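My questions all concern the structure below.
Which chain is which? They are A, B, C, D, E and F, in the order written, and residues in each are numbered from 1.
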């Protein structure tokens, strides 16, 4: 894969992101992929003058991940998306859609988890 | 006689409401293209009113998903009778290539009754015009 | 803008008066599918490769079925058919009021 | 001969009923503190006054001098009362620590003393009571509209005090002043002696002060004090004018002034000062403050101040004096000033969401228009002015009573809170809308007046521009309000709400009055207004099957009324039919839910779609405009008084 | 009497027909300007008949009331015009129609019609004074507000009131709901407020407002014709040219916001009128 | 108390369903909260049931406006994993169709933009020109919009000399027509009134928000993925189009100039195109991770592909330019007039189908 790859942990991800921001990188997006039953891979992609830089965060699915949206506001959208699709919880989102970004209550399972995870609502939205 | 005049006028003055129900934009822009000088569907008195309260024909493009189906039903309910629904593109007909995706309910007819099906991906403007014309014939039946 | 609209006003209109005036479809336009069923060997390649999974082929009964409402007219099946019996007309498939299915029945061939 | 004398006797009795009876009734209702008795007194006085006013109709014009009241010379009574009044004002000045009031009161006392004890030599060289059709119109307005307001105040105040949880009822005080006010107003319009006039002028000042202060809260007191000093300013100007007039003419005979036209010299200055006094009473800019502040009082007070009393003193005075100003620069200034006020107040009203404030500004604005008409001083304009006075009184009273009723129900006077009021109180809402319609739409009287005013003003560039702009603004703030009241997604059955009988009676009579008078406008014109022009002006319009016409304009009142009635009936029929139509949800971009006006917003939350009128506070806000408007008005006033010098 | 009845009838029947035709021509011309073919001339009639035949749906029954009132007011104003009544009065009555339209729009809770209504009020605010000033100009020139006398004037008013004619043009653009003033609703199929103050009118009630609009068109064009009333040809020329220019302007400009409209129309309109009026006074 | 207005999902000036909950005070926006999900289909997940060849057709239908580039981006990603060398002719052909797509997308946008401020006739003019581009698409590939020319390893369809000449002559026409509209789009009083100083984003704001494409370039950031040199862009001569002001007018200018730039690029590509194979043979299955980026009409499109040697991909993640540009709407709307909402929303050229996939 093109671009430098840095591994981070839950504790360092926000700090690392902030550092990258200071270096003048632009936030591109995040990707998420399921590794196995419990582990999930979250990639943060950044760009500076067409050079990419990635952070790789490998976490347990049910550990809440700190949001980087306070650093890069633009991240709120993709974090909400991951919340919706992978049942990963982000803490401290700038705007939290509470898992209603894309999916309505009719969709019962978290779609991108091959090992079925019930879609449970965290917020007001899905309760009604 | 008066009745005939009204039916005649209905056929001569169909106002469109186009709702993009999760289309990939392909069919969507083809619908818009019908309004442009090259196809100029205003020749048939067609106006894109964009308001269910005024519309006679509901053009639906795209797949129905769980969120927009509520909107679709709302819009359909707001249209005064008689009304015709034209589903456009594979997506609108059956969900097309996406019909197995998790957030896709299927074609438009899963949610509201459809009068005309216009196949294609995207459906060509000519096909859409044909579809509307066929839809207009339905007004004869829907007195 | 004024010169533009004045030009429009005096020159010919851009409108093609469909359906009174039908432009011949472009050659190679990807329209409706049809199968020369006599040539078809029911090898199922088209069905497998179709990205929309809308072709059903049954070798036993020698039927070839396509759901034109799910087909995305991409032409992959035409490309992959070894017998070259699948074609796309230049004409698009006309709109209809009922659901339909393209159903073709050929002769069962002995596989050799 | 006998009949004539008999006539005079009756007239004297009627005038007594109109002026003195209210004073007596007021005292009674102050002393007898029983709700039922009070109600009876109010109702009885009201009906007596209304009846006498009506009985007066066939008996105008007349004039006489009452010799004595209860055995004492009338002039002496008035004089004594006047001093008493001025000292009372002075007392209030001390009580509320208002330097301005103190100075003004002292100033008036001194001048009054000077006038009475040093200047005036032979009193009553002329008839002190004078009544022509202009007076009659005023008397009718005061006695009928004013009484209706008082009647409505009975249930209103009961409710009001229940709401406030008062230990001790203060209604006796309230009704005391209210009834007194009516008497004073009648006295004012009927006096020909300007000293009398001045006395009643001061009584109204004081009454308004007491009414505004009724609640006794801090703001109430503050606003009352403001009203007092502003009106005292008018009083001061008035008395200066009296001195000047006396010096010039040797008599304080109103009719004399009117007939020396055009006035010149000191007399003109006196007229200017009288106009100034009128402007303060009519709360024209820059004295609008007191009228706006008056809204702290219970709504019937506002209704009274705005429609039939107080502010009408101003326009009456100017209208009365208009012939004297005819053709002078002063008159033009008055027109300009009126036009300016009309425009400015309308602009301010656009910026308001407070219903009562809108009404207040609209009053100021309408009075401005009347002043403009008086200033234009041509027959059409004067006719317009009189029509406007009549219709404004009726409809403004109606609107205020409506707002009062609404306010008691929803506990807010903000227009935004009245959104969809139709769902809660359909009948009141409809009445209000009806009032608004009568305010801005032909063939109703106000518009008839405005039409005359515009055609009359067409030759005066500045005035017509201001009127044109002003009336567009007027349409804006009224229409928006009416629409807001009806803004309601439900279409249930029409079920009138419950209200006390007296409230309904008041609303219904005013509403019907506005309508009937509008239809009767041609009759009103030929029967009441032509005589009211008093020979000073040529009757401007011809009346022919209910069509008013002059050489350059025509207003088919009666035909239009018929057509409008027809249209109205058809529309009502349409509503009944539409009630059977399918009710659909309003357009909410396809997100509507079963609940009306609620949509499914972001995060699947249910959100209410809120609408709000544009009040354009960035353009028409009070903070933005008031200073400039006051400045403009001050300049015009200086021009007005200075020009007369 | 017979004459009067004939005129009333003409006003009631011929005016909407003419208005509809003008609308149809408008649509064709617009289409031509856009290199399109456009609908048939009688398209507006098809539209209205269709709407009349549709299901009745309402958001609030008062809408129906207001639609009827709007229609009635505009019809009366046109009839009065035909009866050669008072210009100012006609303006008042026409304003009644506009106000009822606004009240009707306000009676729905949809923010779109609400905002549309607010904008319509601002439009009324913009053009109403101008129309009054135009009539004042006419009065100053001809000495009368009565249309009969204005028509009888022996000199085209255009010569004396050129600026006021431009001012009338502004009012015309606003009333015809044309760009750049199509704020509250536009004569095109849709606009940013969906259909602005007509959003929640539907079916037959929408048809009524449409017919009302035809009356308005006739009225406004009638006002235009006053400016060259000395001959039939002149009248036709002036009306046709004005309308043609209206359509051109519509096609070469974007929609503006109300703030601009209010500022521009008042500033330009008032200046032009004052200049023209002062000239009339001074003469 | 603000007024709450639901803007969308069905709204005539919004070509696509997105919802904005607008809070408005006296006609001025104070807050805008978006809602999504009206177009979400979940097609990334289809990778589980479609093989990686079939996914080309699926990603083409992420969006009809930029379909060709989606397929190209995807194909490039897979090609990178598999180490397939795309034949030069195919690379040039990809450029030609990509630029045609950019043109039709930009023209489409210019038209919709005109419609957003109520300039109907301008909309008609622009869309009329656009038809020519679509005709080119149809004549050369068989479909007006979804061209379906990409396959893994190259392209499916060829252009012969005559076709290329025809394309150039058609484009010359198009250029002439576009230039005719230049004065209107760039100088018209009313257009400027509606676009200048609306929704201003400064250079740093734009960068912070992570914007992409013309929206970013209009704020004076010269970022263009084509400079990466994918397909045949490294052999062509062009510069990113940049504007300084960062308002809606600047965005309009950028797109207008880019449309002309595309014509130029196509001319260059046609003149430089080599003869040769159309596609490389692809036999094995992909295994590994890659990211692929192309410059879509709306900006940088980002694909993350993870394959594990099976015929179905493990994960396909698509980040489209509008996804990156949505925060711009939220940043721009507050303080603007209600009537500017369509103009501002459209100024980023939102494509919701892309955003939500």
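In the analysis below, contacts are C-beta pairs under 8 Å (C-beta built on N, C-alpha and C of every residue); 3 or more make two chains touch, one makes a residue touch a chain.
Because the structure is a prediction, the values reported are computed rather than measured.
Chains that count as touching both chain B and chain F, per the definition above, are A, C, D, E. Relative to the centroid of every protein C-alpha atom shown, the closest chain centre, again from C-alpha atoms, is found for E. Chain D has its Cα centroid 59 Å from the Cα centroid of chain B. Averaging C-alpha coordinates per chain places the centre of chain D 36 Å away from that of chain E.
Between the Cα centres of chain C and chain D there is a gap of 80 Å. Rounded to whole angstrom units, the spacing between the C-alpha centres of chain A and chain B is 38. Residues of chain E in contact with at least two other chains: 33-37, 55-57, 111-112, 114-115, 118, 189-190, 194, 199-200, 202, 251-253. For chain D, residues touching at least two other chains, in rising order: 582, 584-585, 587-588, 590-591, 602-603, 609-612, 614.
For chain F, the set of residues that touch two or more other chains comprises 3-6, 9-13, 27, 33, 37, 40, 42, 45, 57-58, 61, 121-122, 124-125, 128, 143, 146, 184, 188. Pairs of chains meeting the touch criterion: A-B, A-D, A-F, B-C, B-D, B-E, B-F, C-E, C-F, D-E, D-F, E-F.
Only residues 27, 31, 34-40, 43, 45-47, 49-50, 52-57, 189-190, 194-195, 198-203, 206 of chain E touch chain B when the two sit together in their complex. Residues 5-10, 12-13, 15, 37, 40, 42-45, 47-51, 53-54, 56, 78, 80-82 of chain B are the ones that touch chain E when the two sit in their complex. By the touch criterion stated above, chain D contacts chain B in their complex at residues 582, 584-585, 587, 590-592, 600.
For chain F in complex with chain C, the touching residues are 50, 53-58, 61, 121-122, 125, 128, 135, 138-139, 141-143, 146, 148, 156, 180-181, 183-184, 188. Residues 17, 19-30, 32-33, 35-38, 48-52, 62-63, 65, 67-68, 71, 75, 96-98, 100-104, 121-122, 124 of chain B are the ones that touch chain F when the two sit in their complex.
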